[in-house]
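Two complexes, one shared chain (chain A), two partners (chain B, chain C).
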Partner chain A sequence: MRHLRRWALNGAAAVALGYILMPLVFVVWLAFFRQEIPSFPPDGYSLKWFAAILDQRKFVDGFRNSLQVGVLATAIGLALGVPAALCLARRPFRLRTPVASLLLMPLIVPGVVLGTSMYVFHVELENGLDVDVLGTFYALVAGHIVIVIPWVVRLVTASLAGLDRATEEAAQNLGANPWVTFWRITVPAIRPGIVAGALFGFVTSFGNLEMSLFLVGPGRTTLPIVILQYLEWKIDPTIAAVSVVQIVLIGGAMLITDRYVKLARVV
Partner chain B sequence: MARLDLEKLSKRYGDFFAVRDVSLQIADGEFLVLLGPSGCGKTTTLRMVAGFIEPSDGAVRLGGSDVTVLPPWKRNAGMVFQSYALFPHLSVAQNVAFGLEMRKLPRADIERRVEEALALVRLTGFGGRLPRQLSGGQQQRVALARALAIRPDVLLLDEPLSNLDAKLRQEVRVEIRELQRQLGLTTVMVTHDQEEALTMADRLVVMNEGAVRQVGSQRDLYERPADRFVAGFVGRSTFLDGAVEAPGRFRTDGGLALACAGGMPGRAALALRPERVEIAPSANTNMSGLDNSLPGTVEFVSYLGALIDIHVRLSPQDRLVVQIANRDGGFAPDVGQPVQVGWPAAAGLVFNE
Partner chain C sequence: MTDAALARGPVVERRRGEGWTAAALITPASIFVAFCLLAPIAILFRFSLNEFVPSKKLMVEALTVANYVKFFTDPYYTTILATTVRIAVLVTAVCLVLGFPLAYVVARTQSRFKHLLIISIVLPLFVGNAVRAAGWMTVFGNKGFFNATLMGLGVIDQPLEIMFTEKAVVIGIIAVNLPFMVLSLQSVIEGIDRSVEEAAFSLGAPPATMFRRVLWPLALPGVLAGTILTFVLAMNAYATPFLLGGPLFKMMAPLVYNQFTQQSNWPFGGAIAFILMTVTLGLTLMANVIIQRRAAR
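Up next is the complex of A and B:
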């Protein structure tokens, strides 16, 4: 009976895992097909689609744009999210619960809704302030910060639970002012949460399509948008190759991060 | 090292006084212990000295200068936390060096003083380990070394031994005490463990409900408790409730007439130390040398090894605990046995209500 239950459980897990992995496996497979129109079984295999990525400037530009936006949004998201998490975990203020939910909201709100509201906001801002907002690089970054913050807040909050507050008091007792205490004691203790928050925030920003669609200006399209636009007129394995590159980069980042902080423990 | 003075120190949370009007003078090199039941304000008092809690009223003077409003990092107080609070990401040596780095000492001095501090707590050679690679007792000693390395004006210990097992606790008690004497450290320790307090302190402070009830030596507290609370908290006492009829005459609510020393007429309690009361089998009632001699019945016996506690019923309202040494051929009471108990008038302490 025990055996049966174990088998059923393992079986269910395997099915779920296979279900998640199937599209990934197909995309990776497709990227190596020789023929232009995907069909099964493939005529043969080739690496030419990876070379084709570099021939198309829009992919390279899109990749660079996404990288720039992601890095900047993550940096600013950390600067805002870490103090917010500390505040939420420690200062007992009256609106704590609603504020905490609000900070996590962008994880739940559909990207289209987020994009629409941000678009409207930018229009109003532009009209009100009489400066360029819509479609600028900084407006796009500002939008992405909103989707980075929830990850930082969530993961830093989780790692704060493992911090003994007495260690901060001990540091102060030994002569460290609050600033030194923060950098020398608090930050090292919550580093796993910061690293994981930054990683997930960056990945979210890098892969974001829906919200970015509303915010990008001409010539500043991010990689997901480039992919979408390409798909609108052509389906060939180039797209699959682009996806493989993304999967490899993100997977690599996760593996490297995992060597320093055990992601499974904070997420 | 320096002297420490607390002047009418209070801490209020709303209407509730966590600490009320605490005044204490701790001499240079003295080991003072704050003793009291849970929630009596010991930690709050200690944290006001360390600077983690701002007093609502009163002053803290360290070495003659007023530090009441100084933040913790500007006071030279070394604290050992109950949880030790070692920095988990730093090695033992880095933990001990932390306070010295904050004082911007030259690298070479820091290394020398870290070695010294580790040697003091017998942890030479452990500098490279991380805190989680140490036993509880070793972690406790690192915490102590870290506090000592900065050469604090005052050493503050908040229940430093409560996370150690009973046997280790006894050893560490002696170690801390010897180190404190050797270095001449002005020390304030908080504990709710009586035995710990009695074995370590030069002087004790008994607190209850935020206030100081008595300050004195072990002997003062035990022989001359200031009030009923102290008599019950330090050592053990049985209390007989009743009234003083005239100085020297006490009548219990159960109707027993007893001789006592002093006391003012009115409602009062008579406190008796269990080991100051004599007991004998009823047949042998030769207690004529004692001011009080009464018949009773053994109601309960608890065998403690070296000692035996005997609960004796004197009247429907009055019950007394007598403690005797467990000697070969000594009195071996049985439940229900009639006995005779007695004590000199001076052994009973009267606390008027």
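Up next is the complex of A and C:
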């Protein structure tokens, strides 16, 4: 009877996991089809669709744009978010709770509201300042920084909470100034939080669709938008191959990060 | 998901001069988010009170709630809101039922491969909604896996219409939201001491009673966090209804997008965005109160 229950529980868990993974499994399968139409069973298998990606400039450009925006937004997000997390975790001040909610707010504001409000704001700035804002690379990056910051703040704060203040005080007692203490003691100790914050921030930025839809300019489309616009017309092995490349890259990034900081502890 | 550290607050007493350091650390990020997020939301709200001249596609400055009235008096729009809420509730319920066993197994497993299990739950989240919609399109199409298999087995003669129906959208959104539910539940279940479950069993409780009287009440914070997250995400789903629902199927987020890009109607689009946000927040708070009151009993 006990065994039976165990099997039932594991079976139910397997069904849920299978459900989560099913769309990815089928995308990967489709990428290796020989024929162009996604009909089952496939006529045969081929690798030619992966070569076909490179013939379509929009995928290569979209990938490059997403990468540039993601890297820049993550770097600036870290520069803004790590000090903020230090302050929230270490320094008492009166406005602490509202400021913490402000910095975490982008996580709960729906993507479509983020996108529309920033779009309207950019148009207003453009009219007010008489400079190009809407659709520029830097306006898109600014939007992405907003969604990177909460991940950095949340994960770095979590890792600071587990850090013993005594080590830093010892360093200061031995004559290290705050700057040296920060770089030699605090940063190494909270590295897992910084790595996790950077990874989650980057991946959030790289995969962002709803907000970016409103902010991208012509010729500066990011990869998720290219994929969405392609899928609006058709589904074929080429787009599946693009998806496979994305799955492999993100999966690889996660496996590497997992070696430094256990994902089980940060999500 | 752990926000405990943020909620608990600082442990150090104030020292002289630290106020300035604190200000220097927190100000840049706060100003940035306030400028790039709060200001735009405030402007959008202001615009939602403006008027719109459809013939010229022009926004006229005004102070009126006409856009909000228009939404709630036109059955076309209220139907879309009702569809969105119905789908979000359904999706959340299914996610809770499907997610709990998986979260429990992940939280309690002693396996060396636990991290791979977690990665396979998180990976789909990061791959993006469009890619996952592509997977479902492969399954649901007229010649897709599902129809081809059923026809091959002789169960049906004609392919079933699944693509571009509500069914496809619901199935798609469940898959998108399930990982969020599982992760929220798993982090809380992991913190529940295993010995309380064993104590219930050794006192003779059957598994169902143990679940109802011990595991469920203790896991309630995770259940709340997971249902709220799932519900909010389902209410705001864009890519899945857009790709799997087709042009005739309408949910709130695509409607907002359409008002901005196709109609250029900022006031009405802004109003819909705020209605969506308010309804989501209101229903979330309501569910919160109901669940907590039930738990207190």
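The criterion applied here is as follows: the second predicted complex is superposed on the first by the 258 of 267 C-alpha atoms of A that agree within 3 Å, B and C clash if a C-alpha of one lies under 4 Å from a C-alpha of the other, contacts with A are read in each partner's own complex, and residues count from 1 in each chain.
By definition in this document, contacts are C-beta pairs under 8 Å (C-beta built on N, C-alpha and C of every residue); 3 or more make two chains touch, one makes a residue touch a chain.
Nothing here was measured: the structure is a model prediction, and the numbers come from that model.
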Practice task
Give one word, clash or fit, describing how chain B and chain C relate on chain A after superposing.
Solution key: fit
Practice task
Please indicate which partner A:Ala189 is in contact with in the superposed arrangement: first for chain B, second for chain C, both, or neither.
Solution key: first
Practice task
Check the residue A:Arg90 against both partner chains and state whether it touches chain B (first), chain C (second), both, or neither.
Solution key: second
Problem - chain A: partner with more touched residues, chain B or chain C - result: C
Practice task
Check whether A:Gly252 is in contact with chain B, with chain C, with both or with neither, and answer first, second, both or neither.
Solution key: neither
Handout entry: Touched partner set for A:Leu24, first chain B, second chain C, both or neither
Key = second
Exercise for the section: Check whether A:Ser117 is in contact with chain B, with chain C, with both or with neither, and answer first, second, both or neither. Expected result: second
Exercise for the section: Report for A:Ala166: first if it touches chain B alone, second if chain C alone, otherwise both or neither. Expected result: first
Exercise for the section: Would you check which partner chain A:Gly175 touches, where first means chain B only, second means chain C only, and both and neither mean what they say? Expected result: first
Handout entry: Shortest CA-CA distance between chain B and chain C [superposed frame, angstrom]
Key = 6
Exercise for the section: Would you tell me the residues on chain A in contact with chain B in one complex that are also in contact with chain C in the other? Expected result: none
Handout entry: Interface residues, chain A side, partner chain B - complex
Key = 164, 166-167, 169-177, 180, 184-185, 188-189
Handout entry: Of all residues in chain B, those that touch chain A in their complex
Key = 50-52, 71-74, 77-79, 81-83, 85-89, 98-99, 102-103, 146-147, 150
Practice task
Would you tell me which residues of chain A are touching chain C in their complex?
Solution key: 5, 9-10, 12-13, 15-17, 19-27, 29-30, 37-41, 80-81, 83-84, 86-93, 96, 99-100, 102-106, 108-121, 124, 142-143, 145-146, 149, 153-154, 157-158, 160-161, 165, 178, 203, 206-207, 209-210, 213-214, 224, 227-228, 231-232, 235, 239-240, 243, 246-247, 250-251, 254-255, 258, 262-264, 266-267
Practice task
Report the residues of chain C in contact with chain A in the complex, numbered from low to high.
Solution key: 1-6, 8-14, 18-19, 21-22, 24-26, 28-30, 32-34, 36-41, 43-44, 47, 98-99, 101-102, 104-106, 114-115, 117-124, 126-139, 141, 143-145, 148-149, 172, 174-175, 178-179, 182-183, 187, 207, 232, 235-236, 238-239, 242-243, 253, 256-257, 260, 266, 269-270, 273-274, 276-277, 280
